[in-house]
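Consider the two complexes below, in which chain A is the common component and chain B and chain C are the respective partners.
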Partner chain A sequence: MTPLELIAGALIALGAVFFIAGTVGVLRFPDIFCRLHALTKADGLGLGLVALGVGLLAASPGAVVRIALVWFFVVVASATCSHLIARHALERARRERS
Partner chain B sequence: MKTTDPATDRGLGADTPSLPAALTVIPEPAPPAPPRWRRFLVAVLVLALVWAVLTEFQPDAWVFGGPAVIAGSVLLALLPASPGWRLSPGGALAFALWFAVQSVRGAVDVAWRAVLPALPLRPGFRHHPLRLPHGAPRVMFVNTITLLPGTLSAEIAGDEVIVHMLDTRADLDADLAALEARIAALFALPQS
Partner chain C sequence: MIDTMVIFDLLLAVAVVALAVASMTTRDMFAAIVLFVVFGLLSALAWVRLSAPDVALAEAAIGTGVTGALLLRTLHHVQTVERKAAPEPLPVPMGVQIANAAFCGLLTLGLAAAFAGAPRGGPGFDLLVADAMSISGVDHPVTAVLLNFRAYDTLMEVVVLLAAVIAVWQIERGLSDAPAPALGEVWQGFARLTLPAIVVVGTYLLWVGSSAPGGAFQGGAVLAAVGLLLLLSRLYVPRPSHRGAARVAFVLGTGAFAAVALLVTGGGRMPFEYPLEHAKTLILLIEGLVTISIAVTLAALFHGREPVALPERAAGTGGRDDA
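The block that comes next holds the complex of A and B.
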């Protein structure tokens, strides 16, 4: 194992830890809003660390660009989606009240 | 469930103390929005380039990518034009570095809360006035709130954003004022 592979492996493992923590949050947090925090933030960093690790092992510069693009779009989409889900949940809470 | 109810929390003045006068964005005329056909062409070019890079320029991938690029560009051209904007290169670099640190802090914070046996949460909603100009700066602000430690943008209500917090004891207004100042620098907006 080269030092580079060791660093990459450590980054990927750390990313997996954040994915697991995010999932634990989804299971343990009391309501939909708190769960969205866990999903967007922990999974975003988890994917970032996995992407960084995989990027270190990538064979070509093109692959690095692709991995970075995938991470970027996932983070932007997850922030936007969680906003839409939270907005819908708030609207529903208001409807049920009236 | 100790959640603050969003419906009763709304309009509760005691929750929104006077805001720090850290940032006043002078409403100056934004650069004019480009015409519809040019927005369509730019979208086609950018989306096609992204798809080509993602698929390693494989021709058969266009079976999926082509329709998606056209559909996305048509949607963008149909939506009302948002005001134009420009980026400041220095502000963008500073913002990217700061944002990387903040998103790591946010993820560590939420991961820690999730795995601690005591489940340290005091969730609730807060209102924050939107002081940045319409268009890209506001979209950037609302999306970035979600990736900062402990905050999630839940709804835009007029000129206010409703923020969900994991711990309502945190100083939301100071954190968001700092974010506003950084986004103003990113978009080269004049600040006083």
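The block that comes next holds the complex of A and C.
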């Protein structure tokens, strides 16, 4: 195993840890906002580390760019989704209070 | 190395079946849709593990993305209509339930019979396709099968979409829409950021189809997402006067496909038997036009009804814009 493969493996494993932590957070946290917080951490940081690890192993510069784009759009989409869910939950809570 | 992948495959298979069961048994319709989308994503992963990236792309784009959006749209519509009209949803009649169960049972039996009757192992059609690749006009075996060797099947798939959109325009004629939910500024920014990227990805999927996984259905489904974003952000509002252009776009793929298939006959050729020197051009032409049709049709299905001129409601409500 080359040093590069070792570093890539370590990064992917660390990313997996963030995904597991995010999953535990979704299952254990008390309300929707805390759960979203856990989820976006897993998506952004976990996927970022996995993408970094996979990018180190990628064969061509084109593949690296594509992996980076995948990460970027997943982060943007997941942040937007979380925002929409939180916004909806907030509006519903406001409606029920009034 | 082999062993770890077998464990992964087994976990994946169990997860796919478990998600399918959970999606069908849950009573909460929104949860069922979310489970269905996750089921679709894991199915796409399963297709990747079966070395079928074309099917994986189609499953992810059409089976999960567009279908998930259609289901959510339908749920929103049904809930709004139900809240307005019928407080108590009618129970499904016993006869309908029995008929549904019978048809599903027959379908399952048919699939089981087909599976039991299929030849086990062996090369399948791999060798036949590999032999014929040189006369197909493209470099990617899946595209060669879909657009050349089995082009008639693909034409019928395009016809199915056309029939679906015709049926939707017949049924939902003039029904007024549930009010679109306000999605906020963050979402608008997201739409502005991703719209050009989706156009690039969809066009790339279409273009790459002749030499690598991709093609008309995958590209069309991704481009349909442009229509979904435009409709959801109200950047585009369908008007009755746009119906002509929409009809042309619906029929374009089917029409061009069938026209090419018939026009290449003559000189002893069968329908769909493209002359070799023009095969690539013809296939790309068909794929491009079919992609446009698929994208517009899927977006129209998401919109869910024919835009018709509604009688003007009370002044200031802008009823016509919602048609």
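Methods note: the second predicted complex is superposed on the first by the 98 of 98 C-alpha atoms of A that agree within 3 Å, B and C clash if a C-alpha of one lies under 4 Å from a C-alpha of the other, contacts with A are read in each partner's own complex, and residues count from 1 in each chain.
Going forward, a contact is a pair of C-beta atoms (placed from the backbone, for glycine too) under 8 Å apart; a residue touches a chain by one contact, two chains touch by 3 or more.
In this text, all values refer to a predicted model and were calculated from it rather than measured experimentally.
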Partners on chain A (chain B, chain C) - clash or fit: clash
Chain B versus chain C, judged by how many residues of chain A each one touches: B
First, second, both or neither for A:R66, with chain B first and chain C second: first
Partner chain(s) touched by A:R92 [first = chain B, second = chain C, both, neither]: neither
First (chain B), second (chain C), both or neither touched by A:T80: both
Selected from 92-100, 218-226, 254-262 or 308-316: the stretch of chain C that, after superposition, runs into chain B: 218-226
Contact residues of chain A, present in both the chain B and the chain C interface: 76, 80, 83, 87
Parts of chain A lying in touch with chain B, wherever the complex brings them together: 17-18, 21-22, 24-25, 28-31, 33-34, 36-38, 40-42, 44-46, 48, 62, 65-66, 69-70, 75-76, 79-80, 82-83, 86-87, 89-91, 93-94, 97
Sites on chain B touched by chain A in the complex: 1-3, 5-7, 50, 53-54, 56, 103-104, 106-115, 119, 121, 123, 142-144, 146-147, 149-150, 152-155, 162, 164, 166
Chain C - residues contacting chain A, complex: 183-184, 186-187, 190, 193-194, 197
In the complex with chain C, residue positions of chain A that touch it: 73, 76-77, 80, 83-84, 87
